[in-house]
Amino acid sequence: MKIGFIGLGHMGAGMAGSLIRAGHEVTVYNRTRDKVRPLVALGAKPGNTVADACTGEVVFTMLADDAAVDGVVSESNGVLGSLARGAIHISSSTISVALSESLSQRHAGAGQGFVSAPVFGRPDVAASGKLFVVSAGPKQERERVSALLEAIGQKVFTVSDRAPDANLVKLSGNFLITSVIEALGEALALIGKGGIDRAQYMEILTSTLFGAPIYQTYGKLLVERRFAPAGFAAPLGQKDIRLVLAAAETLGVPLPIASLVRDRFLRLISQGGEGLDWSAIGELAARDAGLTPPGVDAGVG
Amino acid sequence: MKIGFIGLGHMGAGMAGSLIRAGHEVTVYNRTRDKVRPLVALGAKPGNTVADACTGEVVFTMLADDAAVDGVVSESNGVLGSLARGAIHISSSTISVALSESLSQRHAGAGQGFVSAPVFGRPDVAASGKLFVVSAGPKQERERVSALLEAIGQKVFTVSDRAPDANLVKLSGNFLITSVIEALGEALALIGKGGIDRAQYMEILTSTLFGAPIYQTYGKLLVERRFAPAGFAAPLGQKDIRLVLAAAETLGVPLPIASLVRDRFLRLISQGGEGLDWSAIGELAARDAGLTPPGVDAGVG
Amino acid sequence: MKIGFIGLGHMGAGMAGSLIRAGHEVTVYNRTRDKVRPLVALGAKPGNTVADACTGEVVFTMLADDAAVDGVVSESNGVLGSLARGAIHISSSTISVALSESLSQRHAGAGQGFVSAPVFGRPDVAASGKLFVVSAGPKQERERVSALLEAIGQKVFTVSDRAPDANLVKLSGNFLITSVIEALGEALALIGKGGIDRAQYMEILTSTLFGAPIYQTYGKLLVERRFAPAGFAAPLGQKDIRLVLAAAETLGVPLPIASLVRDRFLRLISQGGEGLDWSAIGELAARDAGLTPPGVDAGVG
Amino acid sequence: MKIGFIGLGHMGAGMAGSLIRAGHEVTVYNRTRDKVRPLVALGAKPGNTVADACTGEVVFTMLADDAAVDGVVSESNGVLGSLARGAIHISSSTISVALSESLSQRHAGAGQGFVSAPVFGRPDVAASGKLFVVSAGPKQERERVSALLEAIGQKVFTVSDRAPDANLVKLSGNFLITSVIEALGEALALIGKGGIDRAQYMEILTSTLFGAPIYQTYGKLLVERRFAPAGFAAPLGQKDIRLVLAAAETLGVPLPIASLVRDRFLRLISQGGEGLDWSAIGELAARDAGLTPPGVDAGVG
């Protein structure tokens, strides 16, 4: 298929690469131009404008936040103005349920399609085409793009015919990840202050009931207190919790653990941890227990 | 080995059975006598008193709570009074760190050994000898009983030379299980009120980052709202959270999620859910979201 | 002075009345016209449009929320377009810090003044001119309108030269009120379930260390469970907590009690309490304790 | 009346002084003997043993905690063993509901009376006889000691015929005080980080809706960050929250603000604030907001 790809950050670059490798004709666009080059080396066509990426049947967007996505969609000569009738916008960014709803309606109003397809996985997973893709949107549109979604992920999960549902699933998933970080942080503070070896403790957990990738990945980061460089920076985690709380407020659902995690992010960032990985919120329980020697972990206060 | 086993409830009966099958000579004792019979059928010797179970090299206790364990240990002709010098008491009950500490000292004072060996797993797992065993105590004593611990579990994890450490690991593990129940309950309330299919959502979670037994087991219970009959009753969960908070208070460690879960248990039980499985605390988020039709789930208020 | 007043709800009507009684020439405007009549009877000039209320030296706005205030300010022939250079907009609504900041800048850009003057007090207090007024804005502008602020309140507190500071003070004050409601709700659930007379308990509190209007007012509402009719409806309380949390997020300040109160409002409203007074969140602790007989207080779930 | 007084700490010394000044014949006892002297100077008779203080019609105890009270009551030649049949033990210490219940029963079993009479007020208030006294116990016994209670307080509140009810009221009152400290701490962090003057803000609060002694006292301590020397030390506050949570657990009442405050105390003490006033928990919100310069307030981490 002839497609476009907008947003070549850590995640987007890997996804666009997978699409190229799968044989699609991909025009790539990124606001800062130098990120285009490695993709062109793989066979992509360079786009100079957002509109250049919107000349095919499908355009992907993979951008940092609501403002960035809404920007490229709504600006003059943006996605909405450039995409042909009948063409489809696939949004893979982690955006708000409300923006996803708005994009659905505006694209439909313009005779265009909209599929929401956020992904789970870190940059290395994106690069190897092994992401998990959560997809929602009108059936016909989802089917038209299914080969594309399969190209970027190891597995594609279909949620429903309403595009914003995929965003709610993605946001709730990120909330669950933070709940694991926080709970592990508390448990490690407890047993750590009790004098028990933290690495051995994580080994027990992941060898028994908690043998999931999420516990392995974050348990290791927490045990080693390896919060820099950030794989996924704290302010992005804070943003996702803000979005999940906003969606929950609209739906009328109290989420006490999400509120706790929100406060952890605010504190981490206010105390200087802006540049750390989001898993650094899991160190705050140890700090509250008087465990961490000040200075040892600058930035986790 | 010639050993005794005190406490033949759902868990203890399975464990004692495993020991018999492993070829040990086991004298079993239970306050209510009729539970002795099935074990005798397997080859156990029936004990009429606590002291009868304390005539061998080792005696296991597997009882409901601190009061029960302290009772059989401290009463006249109890474990402490009956066990020979050099014999070992293995405590597998989920008891407080403080009681474990006290038992350690009192047994040592009487020239007896004490090994703490709490277990992870439900009754069916106990029956099949597939428990996970967390063990702590003086090295020499642990080594003397290692064959016994391997008989009851699929894997034995050694924590340290201090017996109460195993109890802290066990309690913190139960805390982590409740953190999963609560977080899943919140996420399911959110996506459920958003109109997304709950079973399909759990399928996505467990097929991706959350593929651990703990998410599979409790996700299923929550999606099906199957809280009765109780596999592990709410008051037992409440007790474990009380013990973990008590240990954390002694160590000076704030555990905000544990406090939240404590309040969930108090509410569940005050609103009539005393007889439900502990996973029923995960339904309260849905109730707060106005989701659950009153009457459908009597007892989850 | 020749002034205008936009927004004649429960609060605005009382404030406009006070200004008329103080001898000012007041043009009043309200979207639904029938609310104008009682003020005209007091001597006000009726305005047919927002612009009609903007022909004097000063115009007050007292409206429900950010959207309403931003609407009358920004619409064509709105406050911004109609007010003369050098004239002053006094905003008394409980609005967000962010909107107050934006209004400050936009009015300054148009050569107009902006003073933020939110108030504490219920409608009866507004009617008697006994409000507490919290004022902020450039010194010169505040001084020009000081007689007006004194006309509506028993006392005017000046916060700073930055208009949004008054909004932050107002929002934090409403947060503190909700903290009192929640804490009293918890204490009353505790002693009430303990069999102690709730009215007598409140009498002890307010006769000793807690002898403030806030404890007297809300203690009485909680003891009598008198949540309807609403003096200040739950959705308005929810809005204020949303605004205080938004301001706190911008500033990077975790507010755990505010998060708890937010969840109380979401639950109250999701369980059918939308029409109740905001103090009804204080009944939820009793409900969690299994105290309130279902049906007795329909809408507090 | 001929009475005894056991426990001459900051509070007890003032209370015993009031009783002497009211003309009663008071035998005073304190474990460390030097505290007896100032009271003897006022006219007290020195007691060498607990039993010496138990020879009259009534004996007061005013001690640090459950262990101390239970100790002097239960030890050989303690209050229980020494008090005459028909004589009355007045317990003014802040003790658990459970101990109060136990003392009620044990004194009744010994044919003695038991009145619970905890007090509100700091040491200076005790010295001037201006405490608030909360009293509960059998009517006849309360009436017999009413003149004594009036001698130590400016006002005596009678709760019920069940002695432990006074303890529940006292503990819930201390919980409410901590809720004020925490809420004020959060509000001050918010407006303080917003650049608003903290002292002026407290002035606004206490001049309007929050004009209660509790806001004046603790607002001042928080604004001035004056946490040492401790008027009421953090570990005592922690103890009271532990007792209120224990009573709430027995009654089945979730108290989320109390759980939050519990965590604040654990953190404060684990981070080195053991010697500070309990109001120092109100500084933690500012710390979480990144406000407090490290080192400025050593001990509030």
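Residue numbering begins at 1 within each chain, and the chains themselves are lettered A, B, C and D in the order written.
Quick note on the criterion: a contact is a pair of C-beta atoms (placed from the backbone, for glycine too) under 8 Å apart; a residue touches a chain by one contact, two chains touch by 3 or more.
Note that the structure is a prediction, hence the values are computed from the model and not measured.
Taking the mean of C-alpha positions as each chain's centre, the chain lying farthest from the centre of chain D is A. Each of B-D and A-B has its own count of C-beta contacts, and the greater count is at A-B. Look at where the CA atoms of chain B average out and do the same for chain C: the two points lie 52 Å apart. Averaging C-alpha coordinates per chain places the centre of chain B 39 Å away from that of chain D. If you average the CA atoms of chain A and of chain B, the two centres end up 37 Å from each other.
Shown for chain A are the residues in touch with two or more other chains, namely 248, 252-256, 260, 263, 266-267, 270, 288-290. Of all the residues in chain C, the ones that touch chain A in their complex are 242, 248-249, 252-256, 259-260, 262-264, 266-267, 269-270.
Residue ranges on chain B touching chain A, taken from their complex, read 97, 120, 132, 134, 155, 157, 159-160, 162, 165, 168-169, 172-173, 175-177, 179-180, 182-184, 186-187, 189-191, 193-197, 200-201, 203-205, 207-215, 244, 247-248, 251-258, 260, 285, 288-290.
For chain B in complex with chain C, the touching residues are 263, 266-267, 270-272, 287-290, 294, 301.
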